[in-house]
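Chain nomenclature is as follows: A, B, C, D and E, assigned in order of appearance, with residue numbering initiated at 1 for each chain independently.
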Amino acid sequence: MLDIKDIHSGYGDIRILRGINLSLSQGEFVGLWGHNGMGKSTLMRTILGYLTATAGSISFEGQDITGMATFRRAQLGIGLVPQGRAIFPHLSVLDNLRMGAVSFSQDRDETVSSVLKHFPRLNAYLDRPGGLLSGGEQQLLALARCLCGKPKLMLLDEPTEGIQPSIISEMVDTLHRIRESTGLTLLLVEQNQAFIGSLADRVLTMQKGVLVNESSTRDFLNNTHAFASA
Amino acid sequence: MNSLLVETQGLGVSFGGVHAVNSVDFRLERGELRCLIGPNGAGKSSFFRLLCGQYKPTRGSVKIKGKSIDGLQSYQIARLGLGIKTQVPSVFDGLSVEENIWLSARRVNSSREAATAVKEVMDTVRLSPIAGNQVGALSHGQRQWVELGIVMATRPDLILLDEPAAGMSDEEVKRTAELIKAANQKCALIVVEHDMEFIRMIAKTVTVFNRGTVLVEDTVDIVLNDERVKDVYLGKDLEMKG
Amino acid sequence: KGSDDIVIGSLHDLSGGLDILGKPMQDAMQLAVQEINDAGGLLGKKVSIVTMDPQSNMQLYAQYAQQMALKDKVTALFGGITSASREVIRPVMKRFNALYFYNTQYEGGVCDRNTFCTGQTPAQNVDKLVPYVTKRWGKKIYILAADYNYGHITTDWIKKYAGQVDATVIGADFFPLDVNQFGPTIQKIQAAKPDMVISVLVGGAHMAFYRQWAAAGMNKKIPMASTTFNNGNEHIVLSKDESDGIVTAFSYFESINSPINKGFVDRWHKKYGADYPYIGELAAATYQGVHLWAMGVKKAGSLDRMKMIQALETGISFDGPSGKVTIDPVTHHCVLDIQIAECKDKKWKILESYKQQKPVDTAAVCNLSKTPNENKQFVIKI
Amino acid sequence: MDYFAVVCLEVLNAVATLVLVSIGLAIVFGMMKVINLAHGEFIMIGGYAAITASKLGVNIWIAILLVSPIAVGLFGFVVERCIVRYLYGRMMDTMLATWGLSLLLIGLITSIYGNTTIGLSSPLGSMTIGAYQVSLYTVFIIAVAIAVLGGLYLLLTRTDFGLVARGVMQNASMSAALGINPARIYSVTFSLGAALAGLAGGVLAPITGVVPTIGVAYVAKSFITVIGGGASILTGTLAASSAFGTVNQLTTFLSTPVIGEVGLLLVAIVLVRMLPQGITGRFFRGRV
Amino acid sequence: MKNYLPIGACLAAGLAAILILPLFLETFTLMELTVYVIMSILALSLGFIWGYGGILCFGQAAFFGLGSYAYAIAAINFGESTGAFAVAIVVPALFALALGYFIFFGRISDVYLGVITLTVTLILFNLTNSTSGDQYRIGTAAIGGFNGIPSIPTLNVPGSPDHIISPDAFFVVCVGFLMAAYIGLRLLLGSHFGRVLVALRENEQRVDLLGYDSRKYKLAAFVIGGGVAGLSGCLFANWGAFTSPTVFSLTQSALVIIWVLVGGVGTLLGPIIGCFFVQWLTSYIGGLDIVNPNLLLGAVLIGFVLLLPKGLVSVLAKWGTILTSHFGSKSANHGRKHSSPQPASGGVAQ
């Protein structure tokens, strides 16, 4: 459903991605792994259109989206949980979620409450401004907000950062459940190998702006050391 | 000289109806390395902010080196020998990595010694290759390290680290753990982390926060096998597909 | 503009808040110069004007005055609207030896042999206005004035002349030039119950007073006189309901019924169009100022500054649209006619005329025949 | 007693006037962090729009209440498209550009209208309170201010636009990732702010008149009001307008307009010092 | 050290101006240049506290105005300029100290700081504006209200009140002060103090956490800025021998900001260049007499922001880089600084 061909992109004159090729098929969970500063977040930003690709093409469900504006890509069904969360700090938790479901003016409240079922913790804070939640609470909120938009493809950028272990495992369960019920496709950037291991079908490794390796999850977990020194 | 570095009594802070921290009695010896864990929203970051004066306590008191920090400005508290690495990296985005470290080193060194001190820190934290880069354009993980360098360069007696390993790969996590142990030769540290691998690498004594209070405080093995801690915090281990 | 033209400078605000005053003054200069040139020029040469727009900015007033004196080498500079701008220009012209004409109605007291003031001063119009309105409306006066020199000094003159006819000033409020909310003032006036209001308000923001006064229905209850109403075309901008009945005293009104004025107004409208809003006091004084200067040049037969000054000090008179204007050699101000008029249907109906009023205020402090080196603006003790 | 009533009415008038001249700026600054230094000139154009319309035979109420806001709203739309759009996130650059715009508008309107524009007269008569006469139009101004605040409250809290606008203002790129087109929200918000400025210009025209430079009198005062109000657009503007308007008018009654003005400014300073985030920064963060 | 280049360039340019310009420029051009030089000292003061200290002061005109009034009043009372000159710098600096203490120790920052400084300026405007009338005097000097203070005694040779400095000499004096201010600030920025100041602009909280008292650093910068602005005001009062409340006006306050923006924030050279350019433009179009000056100036400013977002100095820097790279020198660092993403994020060195 997502087809990336030889993408180059970066910040101004600084080139970060140097020819990425990547295909995701419907319903697939793919992990993306790599050291700090290798360009994982940059790839996410390029897929969503924050950064425009200087070369190459991206297509989503057969449609070329290379030059499309970010909000249109989102409307097509690409959702992002960004690194750093990007909660609306002065909107209440509920309004943050409603923002996520903004394109469904009809059944917005239903959408929100059905998502909230997966995140019982947030229920206690619905009226609190998002900016005052603790780091981990904000991470959950960002995930829930993204789900409120009923994305077909979800881009998850280091979702376990700052999350307590028990919630991480809850998060895994939640994502599996949602996968079953909606056929969600997932591109997951993670440094936590246990988390990748429990979610991803296959793992890609990124180094200095190129994908250097692709392997099954099992191989990935068995060869951690090889990857680490890669 | 008092060997107690930090002592809090009945410490608490509330926002509206939220008791973020609630009557915490906490003691830390000089040179100690303490890990702080606990569920999201348990009040760990708030506790840090109380220690460095960013939040004023609603109840109770904080003493550093036997001195109450009540009424002190945060720069005065820093001068008592306290350095903090915040959860969201707080660095000088517009300046280069080297300038970032220099500013911090120069506070405690003469201008001649500062250059050496900067070099030392940059080598320890392995920042030398990116010394001239503007910090604002670094990746998330790189900024974490820069902040660590800034904190170490002031040669504090106590470093507070709020999730130092967040967003780092396993290898980098290991490197950070080594750094922390090295730093612990010279000063005390309190480290907040959710990464249990990491905690196991460095921890001696662990304090568990829950709902603003201290739930357990003991050695790492005891704490991680404590049922209550498993209940509120650890949960079940992840099942790997592999 | 030929290379050996006689050059004079025009320095008036043509943009910014005071352009409503500056534009007609600039137009008046052009008309006067055109007339002089049509009549054969001066000393066999044509007269031309350099124009600069100081944009209501004091620094530019200074810069342009320097430039006109030193680079354009103007024979005389005409300009300055507020007293503040005049006091910026005046020292520059004195220092660089160029003649200066200030053509605005102002508070009086300038004493400088290099400067000629052709506008009316308070002793000339207030002296006539106060007795007239107190006789007509009563003895209790409430003054509203612009909060600057002109407003304060004019208020003092009103008090003095009121005293002479046993009238009293029961209140005086001063307003910075940018105030445009007068609600509290209008209530205060109602509480004080005066027989009349005399307005010394100035400029676009202050025009709001007349609207708010009328909106509260006060114009039907308490009559109003003014020493300034019409300088900023107030009677055109306001509706007739808001302006009818206001009484003012100026040396010039467009409606002065004399052949000279009729000719002047015709020539003006021919040059600038029949729909020119209004030719006011300041425009007429500027026009007359240029002509007085030209007469001085002719009489001197030279462009030498001292010779021109001496010629102008011989008591030169010009029969202008406002009547006869004569330069008073002792003060370098003008002896001129004063008219009292009432606003009716956005026009001025002249009620009384007083011939040849002397600048007695300035004369009380300034005698350039005795002290030719004097160079300041006196504060006149009233 | 009647004097007291009259004073109260004038105080309300001052508050309402401040609300009207500030609210457009509050929307634009509060939501977009754009300091629009041409705000005063937007008000000025509102005045000219009303005058022009009524000269062309449009009913004066329609001219004031519809033509002014619509004309200036459309103008704001164009300004956003051509200038402001390129400067989001660069607060000082927008200040410079809108300062330029303000000069340009003063020049443009002077060139078109000259400086002798026949104004509108206040369309309502006067009324009597005891021994005093006051303009009925004062009551109208107060009513318009209340209606504007009420309408905006509903718009910002009860509609999708309100939610989305507040979200976009806090984090535009995240909003885009949720399928919202920030450019459109900016455009609508800026036009709304402009329309409110236009409304103020139209409503105030009959009692202040309009000259091309009239905006200068408003811009500093509305800026101080908006900042003094703090983060909440409506509550803040209302609170600051009430504080400043009351102090200004009461001091003016008791002394002189200068002292009244200085009083207002002093209160603003004390207020910002005591509440460094504006009146509502502390208590109503994130509310409208 | 990186400081030597700009300081050397400044010395060379200043000396060239002092030695060469008076030889072949007419007096009036020199006087016009003088006022540009004076105003660029004001621009420099804001460029310093805003571009480096991150202190967004909307009221730099207040210190300028106080300097001019303090000089005027003192000079009229003393009948001599040397003491008045000192007063004109000390008074604004003390005022900045008091105001800065109020602001920084009250933890007011950002746009709230902007609004306080603007408000203070407007208060000064209102107060000086309403002092017409003879009762408002300080010593023998009438404050004069709206009309301001005319006929101020101008600079004399220190110690001998009868030797008034000529326009040509005054030009030299002003250029000298501009150079002194520029070099002084540049040295300051290279020092420990200056670097902490820049860090403060980047992240105040972190500066505090490192153990620096950020409030004191900001206050010191503010006072220095106030003193420099006062110097400029003092020279201005000397230049035209007048001052009036418009020095405190909204327009004057905005103009300073415009000069800095047009030239380039985050540099010291930018404010000077921006000031010269805008002043020249304003004065030029006032003599054009075909278009409304407001219209033209407004259009130019808008064009500027849209086309040259980093100010004139970035253009110069680009030319500079092209030139130097042509000659193979290595000033790449210099050029890159100006392509940083935010206008206000220049490093310590420029």
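We adopt the following convention: contacts are C-beta pairs under 8 Å (C-beta built on N, C-alpha and C of every residue); 3 or more make two chains touch, one makes a residue touch a chain.
Going by UniProt, the chains are A = ABC transporter ATP-binding protein; B = ATP-binding cassette domain-containing protein; D, E = Branched-chain amino acid ABC transporter permease.
Note that the structure is a prediction, hence the values are computed from the model and not measured.
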item: Interchain contact steps from chain C to chain D (minimum; 1 if touching); value: 1
item: Which of B-E and D-E has more C-beta contact pairs; value: D-E
item: For chain A paired with chain C, centre-to-centre distance based on mean C-alpha positions, whole Å; value: 75
item: Geometric centre distance via CA averages, chain B-chain A, whole Å; value: 28
item: Cα-centroid distance, chain B relative to chain D, in whole angstrom; value: 48
item: Length of the line joining the C-alpha centres of chain C and chain E, rounded to whole Å; value: 37
item: Contacts with two or more other chains, residues of chain D listed in rising order; value: 106-107, 110, 216, 256, 258, 261
item: Where chain E touches two or more other chains at once, by residue number; value: 126, 129-130, 251, 292-294, 341
item: Per-residue multi-chain contacts in chain C, two or more chains; value: 15-16, 147, 174, 176
item: Contact set on chain E toward chain D in their complex; value: 56, 102-103, 106-109, 111-112, 114-116, 118-120, 122-123, 126-127, 129-130, 250-251, 254, 257-258, 261-262, 265, 291-302, 304-306, 309, 343-344
item: Contact set on chain E toward chain C in their complex; value: 26-29, 31-32, 35, 126, 129-130, 132-134, 142, 144-148, 150-151, 236, 239-242, 244, 246, 251, 282-283, 286-287, 289, 292-294
item: In the complex, chain D residues that touch chain E; value: 35, 37, 83, 86-87, 90-97, 99-108, 110-111, 216, 219-220, 223-224, 227-228, 256, 258, 261-262, 265-266, 268-269, 272-273, 276-278
item: Of chain C, residues touching chain E in the complex; value: 14-16, 51-55, 57-60, 62-64, 66-67, 69-71, 82-84, 87-88, 90-91, 147-149, 151-152, 174, 176-177, 376-377, 379
item: Contacting residues of chain B [partner chain A, same complex]; value: 15, 18, 37-42, 45, 87-88, 137-142, 163, 166-173, 194-196, 232-242
